[in-house]
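Look at the two complexes coming up: chain A is in both, with chain B in one and chain C in the other.
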Partner chain A sequence: MTALDASTATAVPRRKLQMPGSTATVYLALGLTLVVGSLLVAERGGTLLDQPGITKILTLCTALGLVAIGQTIAIVAGSLDLSVAHLIGLTSLVTAEVMAGQNGRIVLAVAAALGVAALVGAVNGLVVTKLKVNPFIATLGMALVLQGVLEHRYTGPAGETTRDFQRLGYDRVGPVPVSFLVMLGVAALAWWLLARTRTGHHIYAVGGDAEIARVSGVRVSRTVITAHVLCALAAGATGIFLASRLGAGAPYVGTDASYDLQSIAAVVLGGALLAGGRGGVIGTIGGVMLLACLDTTFDDLGVDPFLKDVVRGSVIIVAVALYARRKPGGRT
Partner chain B sequence: MKRLAPGTLPVFAVLAILLVALAFAGPAYEHPQGYIALLKRAAPLMILALGQYFVIVTGGFDLSVGSLVTAEVVIAARLLDGNEDRTWPVLLLLIGFGALVGLVNGLISTVLEVPSFITTLGMLLILEGAVFLWTDGAPRGALTESFRQWGRMGFEDVPWIGQLPYSVLILLALGTAAALFMRTGMGRLVLAVGDNDTSVRLAGGRVRTIRTLAFVVSGISAAVAAILLGGFSGVSAQVGGGLEFEAITAVVLGGVALGGGRGSVVAAMAGALTLKALFSLLNLLGISGALESTVQGVIIVAAVAYAAADTGWRDRVLRSKARSTAQPGPPAPDVVTTS
Partner chain C sequence: MTVVTLSKRRSGEDPGTPVVRLTGIRKSFQGNEVVHGVDLELQPGEVHALVGENGAGKSTLMKCLAGIHAPDQGTIEIDGVVRRFRSPREAQEAGVAIVHQEFTLLPHRTVAENLFLGREPGRFGRVDKAGMERRAGEVLADLGVTSIRPSAVVSGLSVAQQQIVEIAKALVLDARVLAMDEPTAALADAEVALLYDLVRRLTGRGLAVLYVSHRLPEVFDLSSRITVMKDGAHVATEPTGELTTDNVVRLMVGRPLNALFPDLAAAEELGKERIAVAGGGNARIHDIDLTIRAGEVVGLAGLQGSGRSALARALCGVAPFTRGSYQVEGRPARIRSPRRAVRAGIAFVTEDRKGEGLALRQTVQDNVLLVRRSVSGRRTRSTVADLLREMTVVAASPASEVRLLSGGNQQKVVLAKWLAVGPTVLVVDEPTRGIDIGAKATIYQLIRDLARSGVAVLLISSELPELIGMSDRLLVMHRGRIAGELPPQSSEEDVMRLATGHGQPGENGQSEEAES
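Right, the complex of A and B next:
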């Protein structure tokens, strides 16, 4: 993509202003939001990017970022996962209940939460590939199943995470939360997986065209299942992080923030095609930070929460409209 | 005798089983009144499924219908505010607003080439925010009796069935119109747009116009569903919650392929009735409350898996990819074949 842009730029000099790629666009939009947001907040006598402001933005980024990294993998593979919001609630509960306030059980709790997540992801993947149910319906069905489990077993927050474990959610280096660095680590891992490994190339190939991938010798089912397991694991990581922030597990912590649609929005803002085969972790993180900055700016400005939804919806549509302009034939 | 469209048989089979099961499960279904009441409850979802069918069959999604229904009911309550003489203007306004939202969805998806999933997701956020911004966070005002009659009244003392609800008549009228429309040349063109938009464009069909009109139909059907739902269950901020997913599930349950080009509108509406019959049956069997959604989820996935047995996922992916990659050149020969 970038190589192509560069070659056309040299071949046809100064034909028109070089259009930046979608990843560059989202970071440009992020920068613009930060500048405009800072000015608007300063106008009202506040500071957007003071230490609490930065910490708040980066904490928002961590929760949404982890699940959006997973959603990126699912979407690039040509699928998507609508069950992540309920899974986040469930894994936060598993973490807190298994830990039950004892430091010795931290590892066990994290392992249990990730295990539950992997299981849910595997079922999603199997239903999509073996039962040939459209991913939209398959993961929606899983969301309903998990919702029933949550409603049946829990009436409110449950379990307890230890003080030491809560440091994961609250410790920071300067204004940067440690958890944000962990999220960046996960992002780097996912980037490496997608861009540098055989599995990653298979995921792009299956998302681009499942049939061509199949006749080229890619095991389509296995790849899609892997993508769903990774997606669910990332959602599980968000659940673990939120359990550490809250000190307990909460059944609706994922659905209240509608992490399902938010994560899809972040991935698409990052330049991924919903049809699959195109997108990446770096763009997604840009999309996540853009959404988090908008949120924090509006909070600092005291904007009505309902107006926030209106602006968020408009930003998503406008951003994707801008990307669509320069991609011939990239429509679903 | 009319032959059933491919892929629609499973939903009618499941529906028949559910309807028979209902008669055994509860005394309310020993008389035809029970089934008329079921139809009355199902009418709004069936009308939503009708609208969603047109969007899905032309290759799109409409995620905004749930929040559109909420918006319509909240707008109606605020504008009516209990004034009987405003009923008719407000009804027209609601239909117009639904059409407008659909038009905006359609134009953004076709002219700006934003995937409809994203367009309507954005519209969902915008509608949710805007309506409550306008009413300061909670629904205000009240619906009038002449507004509410459409959702809850009917012709009384009809022999054999008792009450014949207006909503069922509206449903029958819209359903018949849609089914007849799909049998015309224009209706076949709608299917063709979802199947292979490139060949339709090369043949001179107005792909963008048809896709946009599909969203307009979906918007109008959401408005009608909102009028019925508002009448049936009154004003609340949650009236449309989750309806978009229920409508899409219903359409897919009816054997309509996500990605477009395949399925019948009657089957899509039967899918909606199947969902409602399923919910009623679960209720009668005492699986209410907590585990209800779990059972729903499992059954929906199982039913769609069953319906998808002949039109597989990979097959559908293949078709949608063939559509998007065959942009400039002539369409691949295997895609144009019609049976």
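Right, the complex of A and C next:
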């Protein structure tokens, strides 16, 4: 094989791409945003990163982070979930209504919310794999179904979470909310799942090319369903967290913050390919923190909400354009 | 049953027990039977070639063996045990390893992750990453390959290295039989010789190899027996030594080989210079001087990566020249984009049929009209139906999706797409890759007919017999430059000498491809 080694070395010189990867890029952008944001806020006599500022950023990160972790798994598997925002509203209501203000029912409430989420995820996965409906349509349909449930059954906040349970949303260690640490724990778990387990390897493979995965002996349907269930569970966790923050369930808590598109934006900012097969939790968390920092900075500066949305959208487009340039060029 | 299998595995000398025995395999798709009761036996240590035109049923038969399709009738025996595979995984576990025609590697994943996809080592769902990379290294070392790091990302490997990873992937499980579908389709000649080594190494260990290929020289170099299929039926199985290329071609298509190539152009058939490049170059090619005259087929040879395709892409504005002068029809032309090229009358049949040549999910009609619609106003030669008839495209209708056609028919659609705008220059890159001999003959005739009608043709091919049989003049590229020009009917040795950059014969070991 020495001759082969020689011939390929000369015939096909390969450049090692030394530009920073997408994960490094998003964290660089995060650092830059923090520095520039701090300076701008300081110029107006404020402080971006004082205790309330940090707490605010990290609390924003917690809700979006949880749902984006799940979205990462779905997107890496080559799918996506547009029903998460409605599911967040629904699970916040399930949590608050089952708990009904009684400490003794906390465990039951959390289990019920996660159960509902898992069920929704499983249905999404089954529709995508067994009925072969495009994930965009399948989960959009699920979103509309859930919207129907929310509109029909609720006119506003309902249920009640207990004071003790609300500590999950408000307790802090210094400026860092406990819930943020919980979110990081979930992120670590998801990272481990994707990078170190067989299921994770199969999720990357199916997202990369479902047919190759099938021919290699991967159970494709099972993998996609698993990814959808995990994604829905993460949305469920977001719903539980928001119920704890609000003290009640609210039907539009997910859609008002448009967690469906926000979570996809965070995942893509983190360097995942929307087509699947590439991406990861670490990048996604970077994307989440970047979005949260941008929001907080703009709020502190009192910027027009319209301009805020424009900048946010532009950041996402510029980031993805940058990543597209970085893809190893040419076909082999 | 395991004990029986193991004991049989040791008895490689016993000719009575084939590794694989297929009996009476039948398979239909949508009521259309494509394999009609085929028998096939593979002995340990043999390379058994399976040849036949596209659509002859070779790939379908192979996929039945691999558990990708379930046969409607017939039995599959592995080491004398009847097996019924419900999934590719079950076939793999029974010792059937497959190297597919299309790569089955995930480009963004590492070599090790690809090798062990679907069977990652580890316990309780956790993947033992270090162990996986170590074992991947062992599998590769076992194949005699040390240059590929298990932690390397596949998209960074060369095509030849990817092919080796592909084979290694098939062999990660303890394989009894290795089936390869067109394993050299993407390889340059120098790399093919190394694939041979690998195959011989494997058969030396008692593995049976089923070698599916259109390239008859390879089949004769490698195989001990040849099975010919035609129209879904078994035609013949003979020891390779008792067959000649002409026999095999006749069995496959019913006509001799030398009838494949049309006559070359006579001197009076050559017209004015259609394109002329002087000192042309860009990042990949340098100092290109090239003219092509009306009526002429100029062959462009060279190893993979020598700049053949880069030159074609420069001529057609895909990756334009950045230096030198470029004249079309005697006037300076600035071909900065494919659109400019099309408007100047230059057609480009890409080597990447599925990626760049066709919109696979669109209909035949839409594909044929794609270029014409993009440059509306140009005169057209004829209607879609006429074009398709002229090309003998066998499609259910112009409204069927292109992806459902065979490779040969797809290639004809690509050609039809360009003929629809009546080009004056035609650049064709690997026009017959992966298509059967019958379709090849049609495409050769078509290219020659176009030349006769005054089109200037640049033909690029890795298959030297094809290039030599078709070209009125041969240019050979080496490292981005034109290394030399050869007269028609030059020998393969002459071409290889220029292509490898060696003046003296004997220094390159890769020009041994058997001439038929």
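We adopt the following convention: the second predicted complex is superposed on the first by the 309 of 332 C-alpha atoms of A that agree within 3 Å, B and C clash if a C-alpha of one lies under 4 Å from a C-alpha of the other, contacts with A are read in each partner's own complex, and residues count from 1 in each chain.
Definition applied: contacts are C-beta pairs under 8 Å (C-beta built on N, C-alpha and C of every residue); 3 or more make two chains touch, one makes a residue touch a chain.
The structure displayed is predicted, hence computed values, not measured ones.
Partner contacting the larger number of chain A residues, of chain B and chain C: B.
When the two complexes are overlaid on their common chain A, residue A:197 makes contact with chain C while staying clear of chain B. In the superposition on chain A, contact is made by A:215 with chain C only, not with chain B.
Once the two complexes are laid over each other on the shared chain, residue contacts for A:85 go to neither chain B nor chain C.
By the touch criterion defined above, A:144 lies against chain B but remains apart from chain C after alignment on the C-alpha atoms of chain A. Looking at chain A, you'll find residues 208-209, 214, 328, 331-332 touch chain B in one structure and chain C in the other. Against chain B, the residues of chain A that register as touching in their complex are 78, 127-129, 131-138, 140-149, 151-152, 208-211, 214, 220, 261, 264-265, 268, 274-275, 304, 306-314, 316-317, 320-321, 324-325, 328-332.
Across the complex, chain A meets chain C through its residues 1, 3-5, 7-9, 11-12, 14, 16, 196-202, 204-205, 208-209, 212-218, 277-278, 328, 331-332.
Chain C makes touch with chain A in their complex at residues 68, 87-89, 92, 98, 100, 104-109, 113, 117-120, 122, 125-127, 129, 143-147, 155-162, 164, 169, 188, 190-191, 193-194, 197, 303-306, 352, 355, 509. Chain B makes touch with chain A in their complex at residues 59, 108, 112-119, 121-126, 128-130, 132-133, 137, 245, 248-249, 252, 258, 289-298, 300-301, 304-305, 308-309, 312-314, 316-318, 320-321, 324-325, 327-328.
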